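Following are the structures in question.
Two complexes are shown next, each including chain A; its partner changes from chain B in the first to chain C in the second.
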Partner chain A sequence: MMSRRKFLILTGAVAAGAILPAQISAKTQFVETAEEVRAKRRWAMAVDVSKCTECVKELVAKTGNPEVKPPCVVACDRENNVPEFEDKRIDPQWMRIAKLKLNKPSVNPEEFYIPLLCNHCEHPPCVQVCLTQASFQRPDGIVVVDIHRCIGCRYCMIACPYGARSFNFRDPMEGLKEVNPEVPMRAEGVVEKCTFCAHRVDKAVAEGKEPVPACVEACHLYGKGALTFGNIKDPNSKVSQILRDNLAVQLRANLGTDPHVFYLKLGGE
Partner chain B sequence: MAVEFKKINGDSLPYFALVVILAIVTAAGFYAYVLDHQIAGLNGLSNRVPWGIVNAGIPYFIGLSAGSLIVSALAGVFNIKKYKVFSRIAAYMAAAWIIAAILSIALDIGKLYHFMNAVRYFNLTSIFSWNAFLYSSYFVICSIYLLVQFEEMDRATRFMAGLAVFWAVLVHSGTGAIYSFVYSKELYHSALTPPMFIVCAITSGLGLLLANLYFTFRFTKRELDPSLIRGLALIFAGLMMILGYFLAVEGLEKGYIPALHEAVQFVFLNPGASIFWSFWLLIVFGIAIPIIIVLNPKTGYNLKWISLAGIMHAALVFAERFYLIVPGQVFPEEYLPGYELESLHTLEGYIVSYTPTIIEWAQIIGLIAMVYLIYVVGVRIFALIPERAVEEDVDVEVVKE
Partner chain C sequence: MYHKRYVIPLILVFLIGFFTPYWYNAMAGSFGYEPELKKPAGECVEDAKWMASNHMLLLQQWRTQGIRSAAEGGKIYHSFTTGKEFYITINDCWSCHTDKKEFCDQCHDYIGIHPECWDCHYTPDIEKPHYEGIDGLSKYFS
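This part shows the complex of A and B:
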């Protein structure tokens, strides 16, 4: 038989156990509920491939460097504290430019350029496989990594169909000249990737403005304005209009991940 | 007649020498881990190939564990008395290998001190998350199974044996699914991998067990009946054939898809890369030659030869894990089908080679040494091996020779 004393201690402990975690955990006070956000906002990006190609081709011709970083990539690196390492094998890169060529060069020898970044999928495989729910999708569709939860198993890198994720083989601080305090620093041993500049998005939404990620801003300021970012839940947003008027292509759409970076004007029309 | 299990004396000089050597190799493995995480660039990993041989250690060790346990427990489940002589040693090894597997995860991940997050934030859709639970529960089941055997609780042993086999199949299918459910990599995605993992687990676990038994009995100068081993060796050979069959079906199916022609050619017909060697060495030295050794009447009854076959197979199953994990990462995926893509700022679109470094090998070899250290110490502390393992003793009809 359990003594009364023991019983009381036990019930007390159970009660404390049930109440305390809720008290201790800093519950975020949301202005809007997840459902409200989901109904109102879904961020997406549209890429005008012909403009992007024009910009990169010009830059390559001007600098003579076939691996030149266009304004969007430079801005992303700076904004998000993406480190720079000599060794390409371990150098993290959130945004990068890829050269595309039709598999039949005799039909079309032309080269096209497209930016690659996290696609912020509707059904993100990285979130599906993450051991610790460190990778998660926000109600507004942005996929982010909680670096405090990430154990660095790299399963998400294997699962990502778009190679969007980088592992910090080295401490990012070693590869940075300056640090943007607006963006949280990552440590060695965790995975990182593009966040659609979530910090800018949140700030702009709070101020009631249109959010502009760093790459999009740089693309319009110094490039050809190939990138458009916006809310596809809003039918009047620029990105919604563009997607209505064009044949948009998603990368590896057959996987059913429903990526939210759309590529338009692949033929340069 | 009941089988008598007895501890070994373990007071000879060679015994202590063995313990010391194994301890040094184990320590070297952990030191390699420390170096690997302190100094960047000591491993062959990259952002394109983030999973290397330390990761391959996870399915490899779990395979050895599951295989060993299935062999041990089948004796209990089907009440095959003659194999009961091996059931303790096999269950003990199973528990030791699962420790190596869990440590392999620990050595592989980038943030070890975040490890408990895998328990705190369980993700229902993550197969790896499920496996973290399965591995730890599997270890508990192994231990209880071993305990009821020590206590000679017959009914409980049979029940635990059944549960252990079920759990081992679950654990190892789950491990296969970690890789094969990844739909973004064509070379990973396959429904055949989980069953192939089970077969591969039994063959590698059994192969190593055969060698283990031979060396243990020889070293302790106890009597081991070749006809007992012969029965296990035949199961071993039969399952290796099934493994070969699985590999053939898998390879042919991938080769049938035009989109994968280049990748398949790269994997199977490119002697310049380690992937080619991992596959063909497995086929020749890991499957074909061991099968010939077992089936050839001149060598198939000789314990020495059978152990050699067992070791060859078990060692090359590691190559099978390499072949399973690495090619899918090395060969680039098509982001926009029909277009050749080359990234200007990363290595996407290129074949990125992966060569394991000595630091990575040291970690794997260290873990293997650790398992044998656990084993060598274990046979001294626990009554794991029978005094003599002879057919008549265990009173079953003689295998035809």
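This part shows the complex of A and C:
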């Protein structure tokens, strides 16, 4: 007869075994280690503000609509299945165009337009506050939301100094006219944001090509080519060269988040 | 043992009640449900029999390594049955298993499982036009 002590130990062991997550293999090492990736790749974007302003001004003049969506925003919405709702308060946006004016007329007296998107900070406040670690920073610098983990608490939206994140108040399927199978849609009750087109980046890196996000591709195809995307760890990449040759401005740099979307030629030159 | 007269019959009654679904199915001759699945076109990532019982483990591992370790090459998966290399994407499943209703739902509906994957992920059931890529946007900007 089994003693009570032995029976309890056995039951406990079986229960512990059942709780352990089942997985196929314990392999955690992939093509590269996180340290290797960190040393090799860091994605960043450079925005030429004068070209961007030129493009948006032209579009506004042509359509007569001050809220017209330029090619980059349309491409982003379609590529990433970002829904469109009539109610502006609940309409998720990954990329938007802001009309600004410097309060230093000596530098640039004109109004200008800049795209606002997730800045993929080096020290992202949204990741620090995430309760479930759904938001995280990949070793190549891209900040992603793991939608499977997101509980929709919206702390990250409060923490983000750039307002780059949107909450899905309604099922995005209602607001989608067409669907891109490459990118998952989101469900009601999760936070979403720009991923620097991580699906394109991963595919391009696996194939050994230069990654191009949808907004950048559309900007060069239909716009004035204001956006440049690339790896700033590579000194010969186009972004590195542009950042060396120009004075780059980061948004709200005083907060110490070290954003990696750089704005050039704010002086309107 | 005390009150043998009451305890043993009551245990028997409990067991008969507990296993009612089994008695019912055994008597109705529908014991052992065999779904009629639509035959997939290509070859699967892993052995078909293994996939039948463990596809959820594979999808869970893909989910984790495809998002959490994507930058390190986590989207590249090596099959342990064939040794072939696969690029992790759920749309690859749909290229062979073209019909969700006649494949996935056959078993899931029977055992009452409703995976939440398809709340967000693409399925062929979504009747909306496909995005044509950046070149298809020329209709907006010309």
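Here is the rule we use: the second predicted complex is superposed on the first by the 235 of 269 C-alpha atoms of A that agree within 3 Å, B and C clash if a C-alpha of one lies under 4 Å from a C-alpha of the other, contacts with A are read in each partner's own complex, and residues count from 1 in each chain.
Operating definition for what follows: a contact is a pair of C-beta atoms (placed from the backbone, for glycine too) under 8 Å apart; a residue touches a chain by one contact, two chains touch by 3 or more.
No experiment lies behind these values; they were computed from the predicted model shown.
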Checklist entry - Given the superposition on chain A, are chain B and chain C in a clash or a fit? => result fit
Next on the checklist: Just to be sure I read the superposition right, which of the two partners does A:His148 touch: chain B = first, chain C = second, or both, or neither?
Outcome noted: both
Next on the checklist: Between chain B and chain C, whom does A:Asn168 touch in the aligned arrangement: first, second, both, or neither?
Outcome noted: first
Checklist entry - In this superposed model, does chain C or chain B come into contact with more residues of chain A? => result B
Checklist entry - Does chain B (first) or chain C (second) touch A:Val31, or do both, or does neither? => result second
Checklist entry - A:Pro92 contacts which: chain B (first), chain C (second), both, neither? => result first
Checklist entry - Between chain B (first) and chain C (second), which, if any, makes contact with A:Arg244: first, second, both or neither? => result neither
Checklist entry - What is the contact status of A:Leu255 with respect to chain B (first) and chain C (second): first, second, both, or neither? => result first
Next on the checklist: So in the superposed three-chain picture, is A:Ala187 touching just chain B, just chain C, both, or none of them (first/second/both/neither)?
Outcome noted: both
Checklist entry - First (chain B), second (chain C), both or neither: which does A:Pro125 touch? => result first
Next on the checklist: Just checking: does A:Ala159 make contact with chain B only, chain C only, both, or neither of them? Give me first, second, both or neither.
Outcome noted: first
Next on the checklist: On the combined arrangement from the superposition, state the nearest Cα-Cα distance between chain B and chain C in Å.
Outcome noted: 11
Checklist entry - So which positions on chain A get touched by both chain B and chain C? => result 148, 187
Checklist entry - Mind pulling up the chain A residues that touch chain C in the complex? => result 22-25, 28, 30-34, 36-37, 41, 71, 74-75, 78-79, 136, 138-140, 142, 144, 146-148, 173, 176-182, 184-187, 198, 202-203, 205-206, 214, 217-218, 221-222
Next on the checklist: Help me check something: in the complex, which residues belonging to chain B touch chain A?
Outcome noted: 37, 40-41, 45-48, 50-51, 105, 108-112, 114-115, 117-118, 120-121, 123, 125-129, 132, 178, 182-185, 188, 329, 333-349, 352
Checklist outcome for this item: Within the complex, chain B is touched by chain A residues 56, 66-69, 73, 87-93, 96-103, 112, 116, 125, 127-134, 148-155, 157-163, 165-170, 187-191, 249, 251-252, 255, 263
Checklist entry - Residues of chain C touching chain A in their complex? => result 54, 57-58, 60-61, 63, 65, 67-76, 80, 87, 89-91, 94, 116, 119-122, 126, 128-131, 134-135, 137-138, 140-141
